[in-house]
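See the structures that follow.
What follows is chain A paired twice: with chain B in the first complex and chain C in the second.
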Partner chain A sequence: MELLEPEILLQMLINGLLAGALYALLAGGLNLIFGVMRVINIAHAEFMLIGAFGAYVLFNVFGLHPLFSLLIIVPIIFVVGYYFQRVLIERVVDRPMLTSLLATYGVSIILINVGLLIFSSDFKSVPVLQGSFLIGDLAVSKPRAVAGLVSLVLSVGVYLFLDRTRLGKAVRAVSEHAQVAQICGIDVRQIRMLTFGMAAAMAGAAGVMLSIIYSFWPGSGVDFIQKCFAIIIIGGMGNFVGALYGGILLGVVESFVGGFISTQWAEAVAYLLLVTVLLVRPTGLKGVARA
Partner chain B sequence: MKSRFSLSFLLSILLFLFASPALTQNNEIHVGTSVALTGKYARTGQEQLQGFQMWVEEVNERGGLLGKKVHLIHYDDESKPETGAKLYEKLITDDKVQLLIGPYSSDVTLAASTIAEKHNFPMVSSGASSSEIWARGYKNIFGLYTLADLYMDQIIELGKSKGLKKIALVYENTAFPRGVAEGVKRKAKELGMQIVFEEEYGKASTDFSSMIIKIKAKKADMVIGGSYLPDSTGFMRQAKEARLYAKIFAFAVGPGLPDFGHNLGLDAEGVMGNTQWEPTLKLPGAKEFAEKYKVRHGHEPGYHAGGGYGAGHVLEAAVKKAGSTDRDKVRAALFALDTVNAFGRFKVDATGKQIGKPAYAVQWLGGERHIVLPEEAATAKVFYPFKDWNKR
Partner chain C sequence: MKEPLLTVHDMEVSYGAVQVLFGVSLEVRAGEIVCIIGPNGAGKSTVIKAVIGLVPAQKGQVEFDGQPITNSPAHEIPALGITYVPQGRIVFAQMTVADNLEMGAFLKRDSHKRREAVQAVFDQFPRLYERRNQPAGKLSGGEQQMLAIGRALMMNPRLVILDEPSLGLSPKYVDLIYEKLLDLKRQGRTLLMVEQNAARALELSDRGYALELGHNRFADTGAKLLANEDVRRMYLGGA
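Up next, the complex of A and B:
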C-alpha cells in the first residue's frame, strides 16, 4: 500500500503537527481562562475570528502582511480582553457555571452577528504565503509551516511566562486556589484580567494564523470551539500544558485518520479521542482530580 | 367620555390590524422563499435572492401578476435542510403565500420539497440540480437547473479525447455533490476510464491535506470535485501547497463564481468547472439583466443570480398561462410550459425534472471565466493541460 511509504507518513505527521500547534494555541487560552476563573469562554473562537478579520482588514486596507499585523492585533486584543474581563466576565466569576456559560454564549452570538453585519457571510481569505517549501519529495505548505511555528513559539512563550516569571507564578497560584492566593497578597482580580487578556490575545494570534491558512466567515468559530472543548477535556480541564498536548495530539491523529480512513472520519476524531480519554483517564492527560 | 373615545380608538386599531392582512392579500400576490443568507451556501444563496428580487421589481413595473402587485416574503434557512423545511411549513401555513420558489442547494431543496408535496403546493426550484429530488415521485417540484449528473460529462469527454485514464473524485457528503459524483462515475464507466481515488468529506471540512496526499500517491490525471464554493477554493489552495498536479482540475459550483478567481488569484488559472448560465449566452434579456445586476450589486451576476431571476420568469409564465394562482392550475401550467427566458429553456418531464437546458463547462483563463464547452456557446478555447505549479 503506497500510504505506508515513509515520505507519505512523514508528510502526514508534519501536516498534523502544524495543525495541532494552531489548535494548541487556541485551546491553551481557553484552558487558561478556565483554570484561573472557572469560566468556559464560549466566545473564545470569536476572539480568534476578530484576529482573523483584523488581519484581513489590515491586509486589504494597508496591504500589511499578516505576520506584521500580528504585532498590532495581538496587543489590541490583549487590551480588549483585559477590560472585557473587568466589564463582563468578572461579574460571572464565582457564579454557577451556567451563568458564565450563558453570558459568554451571548457574547459569542453578538460578536458573530456584528461580524455578519460588517463583513457579510462571504468567505474571506488573506492570499499571502501561498505555495510550499519543497524538501526533496516533501511539500510543506508555507502558510501552515509559518502558522504552526508562530503558534508553537507563542505557546511556548506563554508557558515560559507562566513557569518562570513572578507574575506567571501568581497566575498559577490563582488557578490553584484563588482564596489562598488572595491571602498571600496576590491581587486576584488583576490576575484574572491579565489572564483573560492574555488568552484573548492568544486566540487573536491564532486567528491571524488561521487567516493565512483557511477561508473564514463570521460563523467559522463553531467548528473550532467544539474541537477546543474536546481538546481541553482530553488535555485536562484548566491545565495549560495539557491543552498544548491535547491540541497537538488531536492535530496528528486527525491527519493520520484523514490519511488512512477518510477526511469525514477525521472530523469525528476529536470526539472519539474525547470518549477514549474519558474512559481511560477521566481527568484528562494532565489533569488532576478535584473535589 | 374620554375613556370611551380611547377605547373605540383602540378597538378600531385592533380591527384594522386584523383586517389588514386580508386587505393586502386581495391586491397583492405573496411569493415565498427561503434562501441561505448565512452558512456555507450564503454566498450563492444571496445571489439567487438578489436575482429573484430583480424579477419581483421588474414584474411590478410591468404591472404585476394578473394585475396584482407581487410581494416577496423571504427567510434565511442558514444553509440547513431542517431549518428550510420549517420555513416552508411557515410560508405555506402561516404566511399563506400563493406561490413558492425553492431554496438554494439540493439538500435544502430535498427537505423543502417534501413540505411542498405534503401541502400539494407547486414549487419552482431555482438552485437545485441533484436528480435525487425528482426520483421520489413528487408532483410539485419543478427544476430549472441542468441536472447534477450531467455537470462533468463534457469535461470527462475532453479528458478522454486527450487520452487521460485516471480520475480522482472527491465530493461533499450531501445531495448535490453526490449527484455530481454519480454522474462522474457513470460517465467514466461509459468511456472506460478509471476512478483511482474516491472520497467523501463533510460539509464543514476545511482541511483536505490528507486527501491530497493520497491523490498524489495515486497519480491521477484528472481531479474532479463535487463541491461548492468554499471547499473548491480550499482544495485548490491546498493542492498548490502540496504540489498536487493533474492535467485537468474540475470542480462543481466554485469555478462558476467570480469569488473563485478573487480568492485564488492566479492559482485559479486553468481550473475548470460548470455553469448553469453566463451573461454571455445568447438568451433573451440575459445581457440586460447582467448589466442591471452589475450596476446594482457592483459585480457580474453568477449563474445563481441568473437562476433566481429565471425562476421568477418561469413562475410568471406559469401564472399567466394558468390565469390564476390556483395550485392545480399553476401545477398543470408548469408541466406544460416550454419557454425560453433570460436563464435558458424551461421544459420539464413528467416528474418535474428539467430536460430542456444544456450544461456548460467553464474555465478560468487570464483572470476571467469563460465558457469553453460546448463549442457553439464558447467564448474561449479550452486551455490544456493544466500548467504545473512550478511553471507559473
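Up next, the complex of A and C:
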C-alpha cells in the first residue's frame, strides 16, 4: 500500500509535528494558568482569535506581514492579559472552580459576539505564504512550516524562562504551593498577573500563526478549546511541559489518522487519545497526583 | 534585660465564625530559642501564622524589632528578617534542591547574591549539596526538612519561625534537626518554634509558652516548665 512508503509516513509525521507545535503553544498557556491558579480559562481560544484577527487587520490595513504583527500583537495581548487577571480573574481565583468557569465562559461569549459585530461570521484568512519547501521528496507547506517553527521557538522560549529565570522559577513555585511561595517573599498576586499575561500572549501568538494556515471566524475558538482541554489532560493538568508533549502528540496522531483513515476522523482523535492515555496513566503524561 | 525582638500582644484570631485565639501574648528576645507547646487545637500554629501574615489577626499587635508589623502581607515578611519553616516540611517537590533554595532568596534580585546564599546553605548542609540537582520530591523526609530549613536561611534572617520541625521524622533525623537548631542559635539567630514533641522542645528552649484552647496557660523557662507538675501532667503525657 502506497501509504506505507517511508516518504509519505515522514511527510505525515512532519505535518503532524508542525500542527502539534501550534497546539502545544496554545495549550501550554492554558495549562500554565491552570497550574498557577487552578482556573480553567474557557476564553483562552478567544485570546487566540484576538491574535488572529489582529494579524488580519494589520495585514489588510497596513499590509504588515504576520511575522511582524507578532512583535506588535504579543506585547499588547500580554498587557491585556495582565490586567484581565487583575480586574476579573483575581476576584474568582480562590472561589470554587464553577465560579471561574462561568466567569471565563461569560468572557468567551462576549468576545465571540464582539468579534461577530466587527468581523461578521465570514471566514477570514491572511494569505501571505504560498507553496511548499521541497526537501528531497518531501514537500512541506510554507505557511505550516513557518507557523510550526515559530510556535516551537516560542514554546521553548517560555520553557527556558520557567526553567532558568528567577521569575520563571517563582511561577513554578506558586504553581506548586502558593502559600509557601508567599512566605519566600514572592508576591503571589503579581505572579498570577504575569502568568495570565504570558498565557494570553502565547494564545495570541498562536492566533497570529493560525491566521497564516487556516481560515477563521469569531466562532473558531470552540474547536481549539476542546482540543486544548484534551491536550492538558493528556499532558497532565497544570504541567507546562506536559501540555507541550500532549499538543505535539495530538498533532502527530491527528495527522496519521487523517492520512490513513479520513480527516473527519481526525476530529475524534483528541478524545480517543485522551481516553487511551488516561487508561494507562490517570494523571496524564507528566502529571503528578494531587491531594 | 534585652528588648524583645518579637512581641505578640493580646492576639485574637478567628477562622470564619470559629475563634481560635483569645488574646495570646508572647515575646522572643534576641538570641533565644522559644517554643510554644500545647495539645492539638490549642492554637499554636495559628499564633505563628498570624505573626507572618498567613492568617489575619482580628485584634492585637505584633512588633518586630520595635516596629509594628501586625497583619503585614506574608510576602513582605522575609525582607524584615523573619523567615518561616512550614509544618509538614513543604518543599517545591518538582523543583530541584538548588532551585528550592534559590526561591528562599527570591527577594535578592542579584543572581550572584542568590548563588552565594545557596552556597552558604550547602556549606552547612553538605547532604543538600550532594543532591542539589534532584527534584526535592525525591528527598527523604529528613532531607526535605533540612531543605525547608535551608530555604529559610537564604535571607540571612534574624528570626526563624518553625512549625513542628520534628513532626513525622525518624528519631535519627529528629536528633539531627535539633542539632541544627542549636547551631542556628550559636550563629546568633533567634528561633521561635511550635512543637507537638513538647518534652524534647523544652529541653532545647530557653523559654516556653504553653497554650490551652487559644489562651496563654503557662510561661516560663524551658527547664522550669519541664519541672512543673501541672505542665508535665497536661502537656507531657503525665511522664
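In the analysis below, the second predicted complex is superposed on the first by the 291 of 291 C-alpha atoms of A that agree within 3 Å, B and C clash if a C-alpha of one lies under 4 Å from a C-alpha of the other, contacts with A are read in each partner's own complex, and residues count from 1 in each chain.
In this section, a residue touches a chain if its C-beta (ideal position, glycine included) is under 8 Å from a C-beta of that chain, and two chains touch if they have at least 3 such contacts.
Here the structure is a predicted model, which is why all the values come from computation and not from measurement.
Once the two complexes are overlaid through chain A, chain B and chain C fit side by side, free of any clash as defined at the top of the document. Of the two partner chains, chain B is the only one touched by A:264; chain C is not.
Set against each other, chain B and chain C differ in how many residues of chain A they touch, and the higher count belongs to B.
In the overlay built on the shared chain, the residue A:170 is in contact with chain C alone; chain B does not reach it.
Annotation: apex chain A, arms to chain B and chain C, angle 150° (C-alpha centres, rounded to a multiple of 10). Look at A:184: by the touch rule set out above, it reaches chain C but stays clear of chain B.
Here the smallest spacing between CA atoms of chain B and those of chain C, following superposition, is 37 Å. Chain A has no residue lying at the interface with chain B in one structure and with chain C in the other. The part of chain B that touches chain A in the complex is made up of residues 37-39, 42-43, 46, 173, 199-202, 204-211, 213-214, 217-218, 229-230, 233-234, 237-238, 240-243, 259, 263-265, 267, 389. If you check the complex, the residues on chain A that touch chain C are 166, 169-170, 172-173, 176-177, 179-188, 288.
For chain C in complex with chain A, the touching residues are 52, 54, 73-79, 83-84, 86, 90-95, 99, 102-104, 106-107, 109, 111, 114, 151, 155.
Those residues of chain A that touch chain B in the complex are listed here as 2-3, 5, 8, 11-12, 15, 19, 116, 120-123, 125, 127, 130-132, 134, 139, 141-144, 214-215, 217, 219, 223, 254-259, 262-264, 266-267.
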